[in-house]
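What follows is a group of structures, each given as structure tokens.
Same chain, two partners: chain A is paired with chain B first, then with chain C.
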Partner chain A sequence: MSIPSVVRGGVFVAVLVTLPMLGLQHWFLNLLVFVLMYATMSSSWNLVGGFAGYPSLGHAGFFGIGAYTLALIFKDQVLATGYEPFLLLPLVGLVGALVGWPIALISMRTRADVFAIVTITFLFVVQTLAFNLHSLTGGSQGTALPIPPFSAAGFELPFYYVMVGLLVFTMGLTFATMRSKLGLSLVSIRADEDKARGVGVRVIGVKVLAFSVSVGITSMVGAVWAYYESFIYPQFAVDPLITIAMVLMTFLGGRGTLWGPVLGAVILESGQQLLTYQLGAVQLYLIAYALIFLVIILLLPRGILPTIEDRLRLRRRRRRTAAAAALPGGPPSSNVADAASMLGRGAT
Partner chain B sequence: MHALVQGVILGILTGGVYALMASGQTLIFGIMKVVNLAQGAMVIMAAYLAYQLFTTFGVDPFLAIPITTILMFGLGVGVELLFLRPLRREDKSELSLLVTFAVALLIEGVLSVTWGTTYRSINAGYANSSWTLGRYQITVVRFWAFVLSLVALGLLFWLLNRTRFGRAVRATVQNPESARLLGVEAQWVSALGFGLGAATAAAAGSVYGLLYPFTPGSHYDLISRLLSIVVLGGLGSVGGAVVAGVIVSTSSAVVAATISPAWSEMTFFIVLILVLLIRPRGLFGSVNRGAI
Partner chain C sequence: MTNLLSVQDVTKVFGGVRAVDGASLLVKEGTVTALIGPNGSGKTTLFNIITGYLKADAGRVEFDGSDVTGSDPGRLYRKGLSRTFQQARIFPQLTVQENLVVAGGYGWRSLFTSRIGRADRERAASLLEEFRLSDISELLASELSYGQRKLLEFAAVLMSEPKLVLLDEPTAGVNPVLIETMERHIRERNAAGITFLIVEHDMTFVMRLCDPVIVLDAGRPIFAGEPSVVQNNALVLDAYLGS
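And now, the complex of A and B:
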């Protein structure tokens, strides 16, 4: 672990922890809670969509599963302290991961397009179930969660800190993955799955593990969201736009990087709030989202951070080559640096 | 038993329309290896075009099909040229999924802004009439929808099997590299193929508008249905899509008639999972996905 990444991580956590002490207004704290939720979800999507190159379109289904799992656990209960739902988040994550495991096992036997087909179909199945299983979900009437007994003055704070915890957990997991054999396996799957299998990567196991962990985290975020909203409806708990947001944020920041999804979430979620105020109508917001998406994929397919990093490395290399050319022996090889950059071990 | 037979009749008649939508989608996959998530949105868009032609000019939705087909063909070619062609080859299959999803959202957004989000339906004069055959009802609309789907599918097969363009398409599906070596202009086959896929969506869209009320969000209902059909038939196999369209539609209609309409949606997903467990390449898919 190099010093700069420790410093960077420490500063990030310190800023997140101290931010609410600046006496922020409610609307801003509320915005931050949502930014943190999307940052966590994009980071979790990145684990499977970014590293392994399997673009899941069904993560919103797991968000909904998390939301309804918490709603079912606390049905008709009155909370004493208000922290009970947070303590049960690991359980919710486990439920999500357990649902995701067989889905991944079935759909990841073949290639990425079948995987995408299964995950998007799964999303609509979960939505249909949320509408139809009246006894469990209340159908389109929605279902209520216990009201959080927090004071109005600091209502957002518990949610904020829980989300900071989840984000740091997810980023820590991403960081550990990137530094481990697991991360290398995932990246090798994205690069060339057949070759990865050929050199002995346990392809199926690695993919299924990444997917289960990823959807487990997403379900936990869904649970926090449900508790924060206190009343959930199928069309918002299982919303294809949530999937799109996760994918979009990861792509914007840079998939397969540690900070990319977070950067994407900060930009897009604040932008989205602004758009909602400015444009008002949901339909225009849909068009704007789709257009941003198309522009990013066509003009910036690798995302902001990898693009910047490439520029920097190119400049460094040029400088180094110029320096080396002055010496006898020619320029040094840069293969090692290139291989390392595939894992995003450079500036990101 | 009565409900069962009625369900089968209904399913087969509706299956023609699904077969038409899915054949376009599987054709696009066969040519370009792109899963077109915007197929459903294009169907709904065509339904709105037919709706507008009907309410403003009184054009019967069946007669509107040539117009909508040409418009949607143009749109399909445009989408391919603008959004899919620029993608880099190494991550094309991954990015194309997201691009077509974005196109679907874009279409949904444009439709919502233009027509609003309330349900629309095309109420042609014959919309509610039906024939009685023994103890079974056959609605006139569904019957003609079925006939029209057969005609459109016949045209598609004629185009694929009897024309020069069709030969180029089939060659590309079987082996893109060899086709290119033999002088097939793969770029144009892709653009025209995507247009053709959109055209089948247009033909199906007019009919869909007659059969069901729709909103801009209706394409979400179609995505999972079409994808299950395409996977069951075998990705890239047009004939497979036709057979699978009828099978899936019939089983879902039977579930709706015998168990509950709410659960018929689940039929699609169960079919999909069963196919992937038992025969991942689908009914008619070849191992290297070359069939058409």
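And now, the complex of A and C:
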């Protein structure tokens, strides 16, 4: 572990923890809670969509599964402290992961665009069930969760801090994945799955594991959201727009990076909320989404962070070459050049 | 010498085409066996069946004394059967070193260990040294030339200490100097105990390096023997040139 990444992470957590102490207004805290939710979900989507390269469009289905799982557990209950739902989040995550396991086993036999279609089908199956299983979900009339007994003055704070915890957990998991052979295996799957299979990478196990963990986290966010809203409707609990937001945020920030999905969520979610507040037109952000997607594809196909990283890498290399050339006696005869010329290729 | 690989009556049909048609062949331990034949004679299909990428419609494949028909490529790899691909398939998003490490054939528990541990680094380092890739070990594989990719792919499949390596056209599209380099690596590794089965179109390369040579035509072997005999065999000439 290099020190800079520890420092970066520490500063990030410190900022998140201290932010609410600045006496922020409710609307701003509310916005932050949503930014954190989307940052966590994008980070979780990134595990399978970014690292393994499987563009799941079904994650919102698991968001809904999490939301309804919590609603079912706490149906008609009155909470004493209000923290009980948070304590059961790991259970909700487990439910999501267990549902995700067979879904992944089946859907991940397909790839790329077909996988996207299979998973979005799953999303609509969940949505249809949410509308029609009246005894469980209340159908289109929605279902109520216990009212959080928090004081009005600090109503958002418990949700805020739970989401900070979930985001840090997810980013920690992402960081650990990147530093492990699991991460290496996932990237090899994204690069060339058949080749990976042929060099002994345990492709099925690794991608199913990534998917399950990913949707488990998404379910937990769904549960927090449901509790925060207190009353959930199928069209919002299982909403394709949530999937699209996750994908778009990850693409904007940078797939397969630790900070990309978080950056994407901060930009898009705060942008969306501000647009809504400013203009009052709730649906306007959809047009913005489409525009942003076009801009990403045209100008930043790999996302913000990887593009910046590439620029920096190039600049560093150029500077190093320049420095080497400035040395008396010209650049040191490197073996790279030797190897390259041996292979009949100019200097790299 | 024992048979390391034995293919018995393998058939593969694509639609109406019998790509591999009752093919049987043996690869003896310690040899550099060539598999040649005109385009479309089923060499790559046979490779794909042996390495588990394709399921045969009929027949049996034995490797190292056990039946491996229909086995998963990953399992075969961990058992010691490695292959390369015609188009030098490497992982462009990974560095040269990572390309080697990822091919280490790890078990479940290793997945949760460090991305590149000390043992991995040492193992990769000796291969990088051998293939003269040490100086570019930190480069992304996408930055390599085609020839370097071929070398990298070859080096990577050696990470699992295989018994048998199947090379699919190791010299296709690379310059003469690299062909020699490739030949040297194969000879060195063969001397160190690895058996090779090579699909190749470069006949001088095959004649220099391989013994025996198996000739495939229309999905089945028509000849197996010393390279010097192959060149004069009427059946082989017929297959390549037409009667």
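Simple rule for what comes next: the second predicted complex is superposed on the first by the 318 of 348 C-alpha atoms of A that agree within 3 Å, B and C clash if a C-alpha of one lies under 4 Å from a C-alpha of the other, contacts with A are read in each partner's own complex, and residues count from 1 in each chain.
Everything below uses one rule, namely that contacts are C-beta pairs under 8 Å (C-beta built on N, C-alpha and C of every residue); 3 or more make two chains touch, one makes a residue touch a chain.
Keep in mind that this is a model prediction, so the values were computed, not measured.
Trainee: Tell me which partner A:11 touches in the superposition: chain B (first), chain C (second), both or neither.
Mentor: neither
Trainee: Taking the superposition on A as described, I'd like to know which of chain B and chain C A:325 touches: first, second, both or neither.
Mentor: neither
Trainee: For A:179 in the superposed arrangement: first (chain B), second (chain C), both or neither?
Mentor: second
Trainee: Contact-wise, after the overlay, does A:192 reach chain B, chain C, both or neither (first, second, both, neither)?
Mentor: second
Trainee: Given the touch rule stated above, what does A:290 touch, chain B (first), chain C (second), both, or neither?
Mentor: first
Trainee: Looking at the overlay, does A:308 come into contact with chain B only (first), chain C only (second), both, or neither?
Mentor: neither
Trainee: Once chain A of both complexes is superposed, is A:120 in touch with chain B (first), chain C (second), both, or neither?
Mentor: First partner only.
Trainee: Touching A:201, do we find chain B (first), chain C (second), both, or neither?
Mentor: A:201: touches chain C, not chain B.
Trainee: First (chain B), second (chain C), both or neither: which does A:107 touch?
Mentor: first
Trainee: Just which bits of chain A does chain B share with chain C as contact spots?
Mentor: Shared contact residues on chain A (touching chain B in one complex, chain C in the other): none at all.
Trainee: Considering only the defined contacts, which chain A positions touch chain C in the complex?
Mentor: Going through chain A, the ones touching chain C are 178-185, 187-188, 190-192, 194-203, 205-206, 334-336, 338-340, 342-345, 348.
Trainee: What part of chain B is in contact with chain A in the complex they form?
Mentor: Where chain B meets chain A, its residues are 29, 33, 35, 37, 83, 86-88, 91, 93-95, 97-99, 101-103, 105-106, 108-110, 112-113, 117, 216, 220-221, 223-224, 227-228, 230-231, 235, 262-263, 265-266, 268-269, 272-273, 276-277, 280.
Trainee: In their complex, what parts of chain C are in touch with chain A?
Mentor: 51, 53, 72-74, 77-78, 82-83, 85, 89-94, 98, 101-106, 108, 110-116, 132-136, 139, 143, 145, 147-148, 151, 156-157, 159-160, 175, 177-178, 181
Trainee: Residues of chain A touching chain B in their complex?
Mentor: 53, 55, 57, 106-107, 109-114, 116-118, 120-122, 124-125, 127-129, 131-132, 240, 244, 247, 251, 281-287, 289-291, 293-294, 297-298, 301
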